[in-house]
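Going in written order, the chains are labelled A, B, C and D, and every chain counts its residues from 1.
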Amino acid sequence: MHVGFIGLGNMGNGMAVNLLTAGHAVTAYNRSPAKVDALAQQGATPARTVAEACQGDVAQTMLADDGAVEQVTLGPDGIVASLPPGGTHVSSSTISVALARRLCSVHAEAGQSFVSAPVFGRPEAAAAAKLFVVAAGPPAVLDAVAPIFDAIGQRTFVVSEQPHAANLVKLSGNFLLATVIESLGEAMTLVEKAGVDPVAYVDILTSTLFDAPAYKTYGGLIARKSFEPAGFAAALGLKDVRLALQAAEELTVPLPLGSLLRDRFLTLLADGGGQLDWSAIASLARRDAGLGG
Amino acid sequence: MHVGFIGLGNMGNGMAVNLLTAGHAVTAYNRSPAKVDALAQQGATPARTVAEACQGDVAQTMLADDGAVEQVTLGPDGIVASLPPGGTHVSSSTISVALARRLCSVHAEAGQSFVSAPVFGRPEAAAAAKLFVVAAGPPAVLDAVAPIFDAIGQRTFVVSEQPHAANLVKLSGNFLLATVIESLGEAMTLVEKAGVDPVAYVDILTSTLFDAPAYKTYGGLIARKSFEPAGFAAALGLKDVRLALQAAEELTVPLPLGSLLRDRFLTLLADGGGQLDWSAIASLARRDAGLGG
Amino acid sequence: MHVGFIGLGNMGNGMAVNLLTAGHAVTAYNRSPAKVDALAQQGATPARTVAEACQGDVAQTMLADDGAVEQVTLGPDGIVASLPPGGTHVSSSTISVALARRLCSVHAEAGQSFVSAPVFGRPEAAAAAKLFVVAAGPPAVLDAVAPIFDAIGQRTFVVSEQPHAANLVKLSGNFLLATVIESLGEAMTLVEKAGVDPVAYVDILTSTLFDAPAYKTYGGLIARKSFEPAGFAAALGLKDVRLALQAAEELTVPLPLGSLLRDRFLTLLADGGGQLDWSAIASLARRDAGLGG
Amino acid sequence: MHVGFIGLGNMGNGMAVNLLTAGHAVTAYNRSPAKVDALAQQGATPARTVAEACQGDVAQTMLADDGAVEQVTLGPDGIVASLPPGGTHVSSSTISVALARRLCSVHAEAGQSFVSAPVFGRPEAAAAAKLFVVAAGPPAVLDAVAPIFDAIGQRTFVVSEQPHAANLVKLSGNFLLATVIESLGEAMTLVEKAGVDPVAYVDILTSTLFDAPAYKTYGGLIARKSFEPAGFAAALGLKDVRLALQAAEELTVPLPLGSLLRDRFLTLLADGGGQLDWSAIASLARRDAGLGG
């Protein structure tokens, strides 16, 4: 397929490379052009504007947040203005449910299709084409762009005909990860205050009931108090929890754990910790137990 | 070694069989004698009283709760009264930190040793000698009883010289499992209200970020609303969360997640659900979102 | 002064009458004109458009929510477009901090002044000129419009030179009232389940520690389960708690009680109770205790 | 009546004086005898043991906590052992529901009566015979001891025939006061971070919606950060919230506000603040908002 790929960050670059590897024609755009040039070395066609990246069948976006996606999609000479009728916007960014609904509607008015396809996986998985793709949209459109998902991921999960449902699933995944962090923060504080070594404790947990990457990764970071540099910043953690709560409010769903997490992140940010790794909310359980944060 | 084994429930019976298999001499006691007779067929010496089971080096207990352990240990003709000086009580039950402290002190006064060695694993793991043993106590005593741990488990974690620390680690494990249940309950309600199939959602989670038995087991139960018969009853879940909160209060550790879980279990019990599986607290998130529990 | 009064609801009508009584020239506008005609009987000049009500020194608004205030202020032929340079917009509605900031900035660009002056008090107090006015804005502007506050209220509290601070104080008042409701809901459920009569219990509370109108009003409604018709609807309660939480998030202030209240209101709305009085969240404490809501 | 009064603290002394003033014969006991001697100057008969104070119709206790009441009532030569058959124990201390149940049962076995009559009011109210008495017990017994209540209080509320119900009402009152403190802590932090003066804010609140002593007292303490010396220590606040939660758990009543308060008090105690006034939990809202506690 002919794919215009917009957003060559840590995740997007690996995804675009894998599209090339799978034989797709990729026109690439990035706000900072150095990354575009690097990708051109690997066979991509460089685009100097968003509009230039919207000349094919598909425009795929992998950007930081709602603001970036709004600008690239709805701005002058953006995707909606530039993609041919019948074209498809594949949105892989972690964005709000509300924005996904809005983009779906705007693209439809322009005679274009919109699908949400956020991914689970870290940059290494993106580079290795091992992402998990959570896709939602009209079945015929998803079928048409399936080769893209095959190129970037190890498996695709189709969750709904409504694109925004995929964004909600993605947000719920980050919500679940944040609860893992909070629960580890509380449990590790409890046993530490009874004299149990936190590193040994995490070893027990991850050897027994919780043999899962999330517990290993975050248990290790918390035990070592290793919150810098951030793998995923607390400010972004707050943003994703907020988006989950907003989506939940639109659906009239109370999320008491989400409320607790939101308060934790706000407390961390008020303490100046917004740039720390989001697992640093675990330090608040320690501080509240008199262990000094 | 010569081990008096007290408590032949689903867990204890498998543990006692494995002690026999490993070549230990086992004298077995159970409140209901039928299980003792069955074990005698496999080589155990039957005991008709607790005192008869306390004639060897070690008495190991695997009982339901604080009340049962108190009665067997401190009652007339109980373990303290019957075990020879120098003998060791290996307590594998999930009991309170406070009771563990008390038993440690009472046994010391009687010239006996006390170690806590609760286990992680379900009855199948107990039968297969695949338990994980969390042990705490004086190093020399733990060394002496290590053959018992080797016989029943696949790995032993020594966490402290203070026996009660092992009980706290065990309670913290159940606290973490309960948070998994609550977080799944909230996340699954959220995506279900957006039209995502809960079974498919659990498949996504456990194929990606949460490839761990706890998420598979409880995700499946919640998606199928399969809360009867209980694998672990909600009333017991409340008990363990309460014990964790009490231990935390003694250590002056706030556990906001623990507070939230306690309120959920109380709500479920007030609704008559005490005999349901503890994963039924997830139905409260559904009910509060207007999905009918 | 010459005041254009916009919004003749239960509160606004009483306020406008008192402006007339105090000798001010009032030009009145309301979306539904019948109320304008009624007020004209009492001496007001009727306005058929917002613009007609913006010909004097001051435009005062008393409207339902952010949406209404935005439309009247920023819409075509709205206050900003119609009020002469040097004129002042006195905003008495309960609106968000964010909107107050925005209106302040837009009016400044148009060479106009903006002050926030929300009020505490029910319709009877508005009719009796017994409101409490919480005012914020530039001191010289507040001095200039002080006669308006004197006409409608029994006392004016100036809280800041920044208009939005007054809106925050107003929102915080509703937050505090909602915590009174929630705390009464929990306490009354507790004693009721022990056999104490709720009406007698409220009598004890309000005769002793809590001799305040809020406890009498809401304690009585809860004891009698009298949630219809709503004095203040639960959907509006959720809105105000949400606005308080949003303002708090902008200031990086966690409000755990606010989070709890938000979850309660969402639960009530999910159960179809949005049109009930906001004190109906107390019925959730009863329901969660197995008393049937 | 002939009343043995046990416990001459700040509250008890005033109550005993008023019994004398009303013409009752009072035999007084206190752990520290100096207070007994002082009261003897006002007409009381001094007792050197609890037993000596139990020779009349009624023994009334006003002690610090469960431990003190247990010792005085159930200890050797305590009230149960010393009060004549047919005598009545009037318990005015703030004790647990569980202890009230137990004392009721033990006295009944001894052929004695037990009524709970905790009071609302501070030491000044006790001295002025202006207490509010919350009484529960068998109607005939309450009638018989009514002259005592008339002597110490301005009004008596009978809430149940079960004595422990009165203790629950008393605990619920402290729970409600603690929620007032927490809500003020959050609201005052919010407006302070927006630049509103806390003292002025409390003035607004208590002049308008919250014209009640609890808001004036605690609002003032919080605004001035005046937490020492404690009027009521945080450690006692935690105790009363814990007793309320325990009583609620026995009744299967979730109290989410109670859970939040318990976590706040634990956090304060972990920070070394157990001896501060219980209103110091408000400083945690400030700290969590980055204002430095």
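As a convention for this text, a contact is a pair of C-beta atoms (placed from the backbone, for glycine too) under 8 Å apart; a residue touches a chain by one contact, two chains touch by 3 or more.
A quick note: this is a predicted structure, and the numbers were derived from the prediction, not measured.
Chemist: Among the chain pairs A-D, A-C or C-D, which one reproduces the interface of A-B, with more than half of its contact pairs identical by residue number?
Modeler: C-D
Chemist: Taking CA centroids for every chain, report which one is farthest away from chain B.
Modeler: Farthest by centroid: C.
Chemist: Look at the interfaces B-C and B-D and say which one is made up of more C-beta pairs in contact.
Modeler: Top pair by contacting C-beta pairs is B-D.
Chemist: Taking shared residue numbers divided by all residue numbers at the interface, is the value for chain C and chain D over half (same) or under half (different)?
Modeler: Homomeric contact, same residues on both sides for the most part.
Chemist: Could you give the separation in Å between the centres of chain B and chain D, each centre being the mean of its C-alpha atoms?
Modeler: 40
Chemist: Give, as an integer number of Å, the spacing between the C-alpha centres of chain D and chain C.
Modeler: About 38 Å separates the centre of chain C from that of chain D.
Chemist: Find the geometric centre of each of chain B and chain C from their Cα atoms only, then give the gap between the two centres in Å, rounded to an integer.
Modeler: Centre separation, chain B to chain C: 54 Å.
Chemist: So which stretches of chain D touch two or more other chains?
Modeler: As it turns out, chain D has residues touching two or more other chains at 248, 252-256, 260, 263, 266-267, 270, 288-290.
Chemist: Within the complex, which stretch of chain C touches chain D?
Modeler: 97, 120-121, 132, 134, 155, 157, 159-160, 162, 164-165, 168-169, 172-173, 175-177, 179-180, 182-184, 186-187, 189-191, 193-197, 200-201, 203-205, 207-215, 244, 247-248, 251-258, 260, 285, 288-290
Chemist: Under the definition above, what is the set of chain C residues touching chain A in their complex?
Modeler: 242, 248-249, 252-256, 259-260, 262-264, 266-267, 269-270
Chemist: What does chain A use to touch chain D in their complex?
Modeler: Touch list, chain A to chain D: 263, 266-267, 270-272, 288-290.
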